[in-house]
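Letters are used for the chains, namely A, B, C and D, taken in the order the chains are written, and counting of residues starts over at 1 for each.
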Amino acid sequence: MLRYALKRLGLGIIIVSVAMMMLFAMVYVIPGDPASVALGPRATQEMVESLRARMGLDQPIWIQFARFYMSAFRGDLGTEVLSGRPVLTVVLEQLPFTLTLIAGAISWSVLLGIPLGCIAAVKRGGFVDRVIGVLSVAVIAVPSFVIAIYSLLIFAVALQWLPAIGAGEPGNVISQLRHLILPSLAVGLGWVGYIARIVRASMLETLEASHIRTARAFGLTDRRITYSYALRIAVLPTITLLGVGIGHMLSSSVFAEIVFARPGIGKLVYEAISVRNYPIVTGAVLVTTVFFVVVNVIADIVIGALDPRVRASFD
Amino acid sequence: MTVLDIRDLSVDFATESGALQALRKVSMSVPENRIVGVVGESGCGKSTLINAILGLLADNGEVTSGEILFEGTHDLTTLAGTAMRDLRGQKIATVFQDPMGALNPVLSVGRQMRDIQYRSNLSRREKDARSIEMLRKVRIPDAEQRLVQFPHEFSGGMKQRIAIAMALMMEPSLLIADEPTTALDATLEVTIIELLKELQQQIGCSVLFISHHLGVIAELCDEMIVMYAGEVVESGTTRDVFHNARHPYTRKLLACDPARLTHRARRLPTIPGTLPDLRNRPEGCVFQARCELADATCSRMPPDEEIAPGHLARCWHTEASVMIGAGA
Amino acid sequence: MLRLAKIWRIVRRIVREPLGALGLGLVVLVVLSALFADVLASYPPTKLSPADRFAPASFQHLLGTDHIGRDLFSRVLYGGRIALSIALGATGASLVIGIMLGLIAGYGPRWLDNILLLVFDALKSFPTVILALTLVTITGPSLMSVVLVVVLVSVPGYARIIRTQTLVLKSAEHVMAARSMGAGSARILTVHILPNVIGPILILASMDIPVVVAIEAGLSFLGMGVRPPTPSWGSILNDGFANIRDSYWIVVAGGLPIILTTLGFTFLGETLRDLFDPRLKGRV
Amino acid sequence: MSNIASTNLSRRTVLAGTGALGLASLIYPARRAQAAGSILKVRSYSDIQILDPAFRLAAPEGDITNVIFAGLVVATAGDKWGWRPMAVETIEQLDPLTISFKLRDGIGFTDGFGQMTAEDVKFSIERIADPKNESPYSGDWETLKEVEVKDKLSGLIHLKEAFAPLWTSTLPTPSSTILSKRAVTEAGGKLGVEPVAQSGPYLLKEWLPKQRTVLVRNPDWKYEQGGYDEIHIHPIEDEKTAELGYEAGDLDYTWTSVSSISRLKENPPADTTVVEKPSLAFVWFGMNKAVAPFDNPDVRRAVQYAVDRKAVVDAAYFGAASTSTGIIAPGLIGHREKNLYDYDPDKAREMIEAAGVSGQTVVLDILNKTERLTAAQVIQANLQDVGLNVEIKQNDSGTFWTLGSKDNEYHKKLQMVVQRFSMQPDPSWATEWFTSSQIGTWNWESFDSEEFDKLVVEGKIELDDAKRDVMYKKMQDLMEESGCYVFLTHEVAGVMYRNSVAAALKPNGEPVFAEFKPA
């Protein structure tokens, strides 16, 4: 188990480094000069040049990359030139907002997706099953930013039920929850569909399993069989799915954060790219890709914890 | 007293290409404290029979005629869902064929054994004590420690013993054993059979033992029925059927039983021909297509000919059939 | 003639499924309205008329007008052309590149396979939108940039599938036989392997069309898609979002075609897949 | 299986019901912000990145440093540009080259950095002025010679040459902020985002990046008191978003987008005052005379005739802004009455044809902002009308601001641009970007005029307003005659605030936080 996790992690590190190398190469060819953008219209040529030197931009790309990489391993992602604040701090300040958003999205997708998938499986072939099936496909198909804009239009602008912008008042949990509902719905709605579908499929498969027949033959109630014996197995693929899903949710959180003017990693990167704040871009992308890879490893470990069979196969 | 009495039971399945008659006019009975064997090829309707008794027919299955009397009073075909469920596990217990898949892989053995005692008023601790007692009875070592383990941590033989322990935990009056030894190797098979026999005598229940292994049937069962294509073609005491089989199918089955040869094999050698299409049953005898004695008479439904008291064969040619397999 | 009859048979099978019928209907609607945009539109899509801005839907302007008085119905129709041509072009390009890379990875030397796999995994580990933003910043917003983004995002997926299939086929009997008879790599790839791997990938690609439509719309929404004043559904949404308090027509007009198109193609794709390749059904 | 269909979902249903109820309890109409306690919630268009007045990046940082640090003088709210003393008791211009000041006796720095002295004034002003320190605002003290300390609290500011913008765009800005010499030196010569040695009427209490900055009343500040106990500043870049936030009750004061002004004036949110403020910024449409076809003066002139400036501005600013006559806004010295060339499409078409460029395609670069795009699209239609095809290229700010830089190869291809510069209330701020030395830096049109360059230098040291007026008018004439420029607008700023707030705004709508009061 441990060896497996370490191996996965090792591969993850390689993937992340290749990804960062690619990002560096891309960032290097982006037109536009971060130094002159940062200083604004009143900067003199000398100031721009000295800032460039401080940002390390006068160095060749591989030196920039090697420097970045060496210090990244020590947990130092460099400093933002203008404010002099550590990039890691800036990124980690924003991370909780995105994590909350993703957690909210996962809550939506799990709280709606698992029951819907379950109901669809239990009522297999019936009208309810069909409706759930079509709805699942539909929410998967519609892009999250369209959902974001429409839900903003309907619930925040027209009905005024929920706040439109921001992450809520700091320290006020109710206000933060209220601000979380719409953005997390926009990010998570598609995943309601994915989860409903996968739970339905795996529930149907599980209900056919012989241990379910055993349970029935022992006179266990259908409720216990469905929700305790079968569901426990049927939700397992959900975890792998969510492991992959978190990467996608990170992506769609960019839109949700822009539409709902929420702080977060996505917005941070979006804004940093537009002003060529490279330390922030590379730092934030590094943190998110590491996060993504780690999440996948964790998903595997969690599955191992929940499914003794998988655990056995790792030993 | 008869624990289980099945009369004229027919079961149909609705399929896309029409109704499939899985059981036709099946009659049989399991007397108190006896072991009754059911033998037949795959697809002969054994599983449907069990599911019909347990009330676990698939959605598209339907009992079209007959009754299943349990302990003389309840007709299981008409029993309401909850009443039926109360019998399952309590009065009628089952051990299934596949020990690997029979236990829920993500719940501990202890939890599963506790769950099936949900009707009792015992405390959690007392339930676990009862589980341990049963595990000891089926000779699982270190029963206490093993209670918290998951099914994959047990060997196949142990799993089947756990399944038996679970089945007998509530001291049922009828134990249905659905090929409980098929997936095990030969030495294990013997110990399981002996264990079953011993526990049956201890508890004093009846057993409906399904197998396609004639040797096991011969060793274990007091009575047996032979099924073919959803019909009971022959039934009687084990002794009668083995020594004086009168249905051509039974005779062929016995003739090619590897157990009568020198070594055991797990699969029956095939009889020439194939099972009839159950969506489109032939008129009359169900075996006629594969029977060398078949003639015009066979296109009418054969009677259940009584060969000896309690020994029936559904055939027009019970006299002539003694010739079959003689030369084999 | 035979071909036509065959297509007709497929269409009949699709239409028998309610979802398939709905999907096909929507797709036909979108395709026709894009094809005949110039006939159906009553105004040029870029014609400004600031005096008529924020007009609600009416007979003159079926979907109203935007913040500079352009007719939204016309813009939506022409936006469909952009969306569909990018969807087809980008998917086609990704397919070609994905198949080539997949064949190379599967059939080529081991080290090349490993490198390609690493690159695919690395590409996949970026959040898509951030990858897209970075790319478009490099290339500048344009139609080609959108295509490039789509290619980079979808090639790893296609290439991986092709690679796996190629690895399986590489040791299949008929390929071994062909090789023993002296067929060259190119011939083996094109004659013996390609035809066997292309079916499933085509269905997968057709199911990716709504994703491509979404990418184009999303980038245009962020102002990083096609250049204005070229109408795009995403840029209509952007205009609408900026003016959401003044007129909700614009957002509705920009969002509806995206919803209808993605739904149509998805429904159709699902039906096609279930009909022709049940093996793929488990793929979510 | 049939039994499963009738499965009783009750426990789940109850749970789901509870969840739904919990969710429902979070849904209610937005409530208006209470004027509870005494908190002012305002929006700023960008978050703080650095709180050193000498290195501030954007106006919102200046708005904050203006209240947490004391400047010599500070800009006042009102319809006219003005200032009042802040750190000084008295300040006066003795002659064109000398200003004397005397500090208030009792301004302390926090964090134990003691009282503010004339030594701190000398340090702070010379720090900005010294080119070695690379302050982007060194130009504000371009002609500074030195600051002479006379005693603990008073001193003299000596200039090398007269400096006309001193009292308009240097002293009443963060460029006159006085920091603690000891604190800055200990901090390594530059303050970061966590200010030390604060000295103003408010103190920075809390900064949550991208969320809010909280200022609280400084108990040690003995002079003019601010109207609120706390000021919460919410960074919201997008004006439309800020409007939504205002309507949701998150804000008491915000700038609005230009496009919303007319709607908001007609139909303001409850208890709200909406005002329009003339902006000083200037927006123009430029042609690069170094690049074909605009190397031909006739083509440039033709385009000047081709652009319907009123239509462009009306469309882009929804009728809220009017067209401009140049780069110097009304009310300032040097504001022109009228343009030299105006909309005449027929003449334009003739000239385009005569120049033989009819049917050519030219590229117009813009920043990706809605009103810029709208303006560009109208210009596109206008030029189409006279025979020039225009391709609009939208750039994000990172790309856009370097398009005309000589470091960027693109500056050799840059043809047309819609540009906006912000402005301080002195005409010299507008003109200095268009000298020939700025070509390849901020002069993207490659406009070069010796006369113009000379006037820029003279304009800064001329102290006679009437003479300056003539000079700056002349400069704009030169710009327009070159054909490189089509002046579009000075924009307009929309501001809205609760009626419970007495907003304190500079003439262009910028806030003076210390003067906001509950109404």
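Note that in this section a residue touches a chain if its C-beta (ideal position, glycine included) is under 8 Å from a C-beta of that chain, and two chains touch if they have at least 3 such contacts.
Note that this is a predicted model, so its numbers are computed, not measured.
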item: Which of A-C and A-B has more C-beta contact pairs; value: A-C
item: Farthest chain relative to subunit D (centres taken as mean CA coordinates); value: B
item: Chain closest to the assembly centre - both centres taken as Cα means; value: A
item: Approximate Å spacing (C-alpha centroids) for the pair subunit A, subunit B; value: 53
item: Length of the line joining the C-alpha centres of subunit B and subunit C, rounded to whole Å; value: 56
item: Between subunit C and subunit A, distance of the C-alpha-averaged centres to the nearest whole Å; value: 23
item: Centroid spacing, where centroids are CA-atom means, of subunit A and subunit D in whole angstrom; value: 36
item: Residues of subunit A touching at least two other chains; value: 30-32, 157, 273-274
item: Subunit C, residues touching no fewer than two other chains; value: 137, 140, 241, 244-245
item: Residue ranges of subunit C touching subunit D (in the complex, touch as defined); value: 46-48, 50, 53, 67-69, 137, 140-141, 223-224, 227-229, 239, 241-246
item: Partner subunit C, residues of subunit D touching it in the complex; value: 240, 243-244, 247, 259-260, 263, 311, 314-315, 318, 368, 370, 373-374, 376-378, 380-381, 391-396, 398-399
item: Complex contacts: residues of subunit A adjacent to subunit C; value: 14-16, 18-19, 21-23, 26-27, 29-32, 134, 137-138, 140-143, 145-146, 149-150, 152-153, 157-158, 194, 197-198, 201, 241, 247-248, 250-252, 254-255, 258-259, 266, 269-270, 273-274, 281, 285, 288-289, 292-293
item: Residue ranges of subunit C in contact with subunit A within the complex; value: 19, 118-119, 121-130, 133-135, 137-138, 140, 210, 214, 217-218, 221-222, 237, 240-241, 244-245, 248, 251-252, 255, 258-259, 262-263, 265-267, 270, 282, 284
item: Subunit D partner contacts - residues on subunit A that touch it in the complex; value: 30-34, 36-43, 45-47, 50, 80, 82-85, 90, 93-94, 111, 115, 119, 122-123, 126, 155-157, 160-167, 170, 174, 177-178, 181, 207, 222-223, 225-227, 261, 263, 267-268, 271, 273-276
